[in-house]
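Labels run A, B, C and D following the written order; every chain starts at residue 1.
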Amino acid sequence: EPALIYDLGGKFDKSFNEAAFNGAQRWAEETGGEFRDIELQSEAQREQALRRFAEAGLNPVVTTGFSMATPIANVAPDYPDTKFVTIDGYVDPEEHPNVLSILFSEHEGSFLVGMLAAMASETGTVGFVGGMDIPLIRKFACGYAQGVKAVDADAEIIANMTGTTPAAWNDPVKGSELAKAQISQGADVIFAAAGGTGIGVLQTAADEGIYSIGVDSNQNYLHPGSVLSSMLKRVDVAVYDAMSAGADLETGVQVLGLAEEGVGYALDEHNAELISDEMQAQVEEAKSRIIDGEITVTDYTAEDSCPALTF
Amino acid sequence: MDFLTALQVLDSTVRLSTPLLLACLAGLFSERSGIFDIGLEGKMLAAAFFSAAVAFTSGSVWMGLLAGTAASIALSAIHGFASITFRGNQLISGVAINFLAAGTTVVVAQSWFAQGGRTPSLPPEGRFQTITLPFAEALRDVPIAGPIYHELISGHSILVYVGLLAVPLTWWVLFRTRFGLRLRAVGEAPEAVDTAGISVVGLRYAAVAIAGVLCGIAGAYLATGLQAGFVKDMTAGRGFIALAALIFSKWRPWHALGACLLFGFLQAIALRYQNIDLGAFTVPVQVMDAAPYILTVVILAGFVGRAIPPRAGGEPYVKER
Amino acid sequence: MDRMPAWADAVLVPLISLLLAAILSALVILAIGESPVEAFRLMVEGALMRSAGWGYTLYYATNFIFTGLAVAVAFHARLFNIGGEGQAMLGALGVALVCLYIPWPHWSLALLAASASAALFGALWALIPAYLQATRGSHIVITTIMFNFIAAALLNYLLVNVMKPAGMMEPATATFPQAVHLPTFQDMFSTAATPLFRGSPANVTFFVALLACLFVWALIWRTRLGYEIRAQGHSETAARYAGIRPVRIVVIAMLISGALAGLMGINSTMGEAERLILNSTEGAGFIGIAVALMGRNHPLGVLLAAILFGFLYQGGAELALWTNIPRELIVVIQALVILFTGALDNMVRMPLERAFLAARRRRTRRAEPAE
Amino acid sequence: MTDTAPAIELRGISKAFGPVQANKDISLAVQPGTIHGIIGENGAGKSTLMSILYGFYKADAGEVFIRGKKTEIPDSQAAIAAGIGMVFQHFKLVPNFTVLENVILGVEEGGLLKPSLAKARRALTDLAREYELNVDPDAVVETLSVGHQQRVEILKALYRQADILILDEPTGVLTPAEADHLFRILAGLKREGKTIVLITHKLREIMEITDTVSVMRQGEMTATVPTSETSPEHLAELMVGRKVLLRVDKTPARPAQTVLEIEKLRVTDQHGVERLKGIDLAVRAGEIVGIAGVAGNGQSELLEVLGGTREATGRVRINGEEMALTGRHADGRTRRGQGIAHVPEDRQRAGLVMPFAAWENAVFGYHRDPAYNRGVLMDNEAIRRDADNKIDRFDIRPANCRLSARSFSGGNQQKIVLAREIDRNPDLLLVGQPTRGVDIGAIEFIHQEIVRLRDAGKAILLVSVELDEIFSLADRIVVMFDGRVMGERDPAQTDERELGLLMAGIEGEPDKPEWQAIDEQWERVEAEEEAARHG
């Protein structure tokens, strides 16, 4: 029986954690298995949940969020028979042989939606709304900006952050206002990587008749015809795979990028009309070139700086 | 800042100020009657949820507004029960209400919609649409005044106008009606009200109920006016900012309007100008994020001075010790 | 002269209030289709029947003791310090600076220095609101709310741009060196034969918190300063008459309050996370308000209320682990506890008082004919 | 007259506040068209009884008959409807409302204020003419003198067409002339057939104006007698249950060196109103200087400046040493160091911290004295021992230093303050209203203590609104009016009338009726204040 630990954002954040939940659901439905899960409420519960699940014999213990890396590193040696999976966190595989670190190349996926944004934009100005100014969000923003510039070197990118308290992830009203401010500055495509705040961004984009781009899960269905696409981060697949592997899970470090289909952009019936064949062709080409290594997308967190955007 | 940008910032100011204003006036009624209210946040949140939930289920935004207001009034009733009838500590009661709303909204939302403490997205008829005031289109091209009318004054949802009208109405009620006279009296000298043969308890409940209504509208505006649904904790501390605005305004309606517009304006500015580039140096986004709060402190310390709350505020009315 | 014996007021009233809160909570749990009995069993077993459960309960309690005491001290001077959250954040920053940039030979020295630094940073963050209140009359409620936001922005900036090790994903500092690792309850009380508090974060800071309770008690009820703080809190006119300078009291009380809130940083940052993370306070500053009010601003009350909240936190974690009850239900239970023990206590007290008075009347009436 | 029903009849009224039995089975009948006095010690239950009649408190048992008809009075609305009006001992006015707003509160006409205000304005003009009760209808109540605030209370009752008027200690705050004026109004009301109940501590007033007098003691009605058949001494005995000395025995003063010298002392309050307009005054060792004046004429400010709680300009010397009037040395702590002790006018707000225990209050202001401290900690044992001593010497009851100040009666609270201040053996004792709200027995004791301190060669500055008290204690009388010293008199060579006029700012013989002259003075002062506030 596997276990899943969601990050503080909670199970139903409409993006990252929810994707993890969906993956687990799918696994449960397909295999008829059961899994335990917990929504963390405080920092100290990270280790606690790991330990309690490990003690209860649950295996593997899958976790979401970069903040789980350190707790897992602390706990894993105490439970050598349990496999731990950290999605987004990095735990040294040499030291901790029972840990699988799954990392996503969000910058690559963001690059692709950035291209879409630039192509869809008529004003040459696109926006980005982040939840909080943290490295992960900068990684999204940076990949996005590079994609935009790749299409239109003169394009302007307005990047905003919502706030500095945890409320920043759940403030759709502020998301709306940021979107409006960006629209008034000329943006006609906005990429929201801001949890619950993003709901407000997408809503406003739909209300104001511009495009928005969703994040993590496929959010195209929220406002068909307005959500240009979503930057997919296939946490669901990662969770599904980990749970399917069960106790035999192979540990180490997995980096899921475009090549592994770990990230991508969403194309479905809700946005089919928005993405022309030409746009799709260009993006697909860039995708394969990234996979081939012809294009390198800078990972902000690796360099702590971004060629296309200053923070 | 060019004219158009200024208009847009002011437009944003109006939207950001409205929930603050409604909550602030709610606090004003309550505190003018001698009942401190730090539960504004919770009441708004409960109203936001119930308005969205009922607007979604019933398909009518007005039903939503009604339900949101009812939820907010229910919390007001708890506050009244604790602090008027049972003479409990008004601060504790307010804290409890904030917790209660934060927890209940998500628990109920989860068992109702199973979308993780969120309501589904509202269809258009479940939302307050923006309304275009008469002649807005026609006057659009008149220089200066045209854009001001079209951009800034017209084109908000009806609750914004309700909020703005609530200011003169509050002033009028407080200073021109019998009810207002009694309300102000009960916050200053409840024993005078009592010996004049008026029920202190009744007046205070009335004030708290009005606070419930106004918070209800504020919450409904957030969820069904500005947004199309409820997200957990979506009030994001606005109740506390409203409280600050109330103290800032020294419990006066027109000043409350000023204070809320100021807070809204500072936020709008901070949202609009997040990355100020000073050539060699970009002002960090965190500085802009904190700017409204820093400026508030500066203004408070520099210009506002001492705020003296209603004399009987915070203390339960006890005749027989 | 009293209407009700002191023991009844101190024990009976809160107990009955808690019972009412529990009954209502049970109804809520029932309403969402879960079993309240099972839920309470899980909470009690998880929080109180295992040493590790206690380890968590006391860890949370430690945080709440500090923030609760902070609110309480300010309250004695009739200052409503809503800024515990921001002060605690700064305190944590102070801890991190000391632990990261100074090589310590032993944790005890580091603890002393970190405590001093946490207190200093917390106090400094309270200083501006205090000074503005004292001299300009700027309402402390507004300024401390604002300073919470400013603290969050400051910490966000520092962690992302300055203190984060290069290439790291998380907006957090590096882990503190092993030398400043504080002994946990596990380190202190476990033996090879009987492992206790396994993996739980309760650490030596809990004793610092107990000392802080003692300190606050002595300060408020045994020192001249405390005497003056209380006098000022009860009546500024009287304080002025007695030659107590209000500016001084406001500033000092807030400095102490801020320092206490800041001390929370040693528990969460040095004791648990062992690095400075963005979300190190997690709203404990606000819980402190409830804790102080419920504890009637007395250190002993604060201690008990903090443990009650620690229990709710830890019990809530257990619920989240083993049931499908949403975590927000715990928030509802907390709300009910605050409401019944804090705000609706008179609902219990008034009838009790009447009952005691009636009982006494009966006693005296029966005694009279005998005279 | 005998066949008409009493205007008020109370039967078997009982009322307990928790464990305190404030009224025990009280019956009382008040004949219509009479003035009925009620006297009794502090805490005897007078106010409680009348508050029950007015619907402020609910009686535990008993019945009320108004004009012969049994009447339920669950709240004040019912009392007002029954034609009862009450002027409370502690005014029930909204301080930041205007006179008009206070008058209409509760009896507004309709939902809007405008018509009510207009109507009340007209009615007030009529009432003012009819009863010589002038007040500016637009003045904010907190800016009015206490006397005028009382008028507002009376106007409120008359506006509500009360024909039974209850006045609870109305003269405590009035000058003799104002009191006379009030009594003339009451007499007029009586002539119109209205019934008046008057509660007072002043036996002279009872003798002067009432038709019947009832005496209360410890919650019980002990006697009701026609005023013509009794005497002050008899009443005092009925009240206290023993013989009381109504005058203080004291020897002539033997003033020595000057202790306190005040020159050109000025104070401006936070509204910009000048409260002291250049005071010159000296107090010598071994004398009691009594400052007479109506409350609100700068006496409080004078005491506050000297006590260190208010800043001022001018010069003050204590024992020849210059006193700081501004800055951080103008505080109570410094003053105490200079040998000044201060019994403040308002013991509950300034002199005591009400929730503190008696022992804590017994060192309040002197809590930094090394005798009460051991290192950083306070020596609570020593403080309690000290408090027990004081309780013993000043016969403070109950003799339990662990009770909070709140649970002592007014007189005993005052004794705690006095004990604390007199015990320091100060060079200069500032005393404000030492016996306000204190009953006859305690007054006797407090006066003796003050005189004893004088005889020990200390300087004493006494402020009191009670002329009786000034006369019986002061060796010199200084009258203050509107922030100025109106003049100084030798108590042996002046009388209440002369002082009363001085207290109203009138020197020599006025050229119109006294009360009219007084009224004009007050109005001038209030107008000036209003101007200063807005200027």
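Observations on the model:
In this section, contacts are C-beta pairs under 8 Å (C-beta built on N, C-alpha and C of every residue); 3 or more make two chains touch, one makes a residue touch a chain.
As the structure is a computational prediction, the values presented were derived from the model and not from experiment.
Across A-C and C-D, it is A-C that has more C-beta pairs touching. With every chain reduced to the mean of its CA atoms, the largest distance from subunit B is reached by D.
One simple way to say how far apart two chains are is to compare their mean CA positions; for subunit A and subunit B this gives 34 Å. With centres taken as mean Cα positions, subunit D sits 46 Å from subunit C. Put simply, the C-alpha centre of subunit B and that of subunit C have 29 angstrom between them. Residue positions 10, 133, 163-165 of subunit A are each in touch with at least two other chains. Across the assembly, subunit B contributes residues 110, 117, 232, 284, 286, 289-290 that each touch 2 or more other chains.
Shown for subunit C are the residues in touch with two or more other chains, namely 149, 153, 156-157, 326, 330. The list of touching chain pairs reads A-B, A-C, B-C, B-D, C-D. Listing the residues of subunit B that touch subunit C in their complex gives 78, 81-83, 86-93, 95-100, 102-107, 110-111, 117, 232, 240-241, 243-244, 247-248, 284, 286-287, 289-290, 293-294, 296-297, 300-301, 304-307.
Touching subunit B in their complex are the following residues of subunit C: 28, 32-33, 80, 82, 128-129, 132, 136-139, 141-143, 145-147, 149-150, 153-154, 156-157, 161, 286, 289-290, 293-294, 326, 328-336, 338-339, 342-347, 350.
Across the complex, subunit C meets subunit A through its residues 56, 59-60, 148-149, 152-153, 155-157, 160, 164, 166-172, 175, 198-201, 268, 272-273, 275, 277-280, 282, 313, 316-317, 320-322, 326-327, 330.
Of all residues in subunit B, those touching subunit A in their complex are 4-5, 8, 11-12, 15-16, 19, 110, 115-118, 121, 222, 226-229, 231-234, 236-237, 267-268, 271-272, 274-275, 282, 284-286, 289-290. Those residues of subunit D lying in contact with subunit C across their complex are 18-19, 307-309, 328, 331-336, 342, 344, 346, 349-356, 360, 364-365, 367-368, 373, 376-378, 380, 403, 407.
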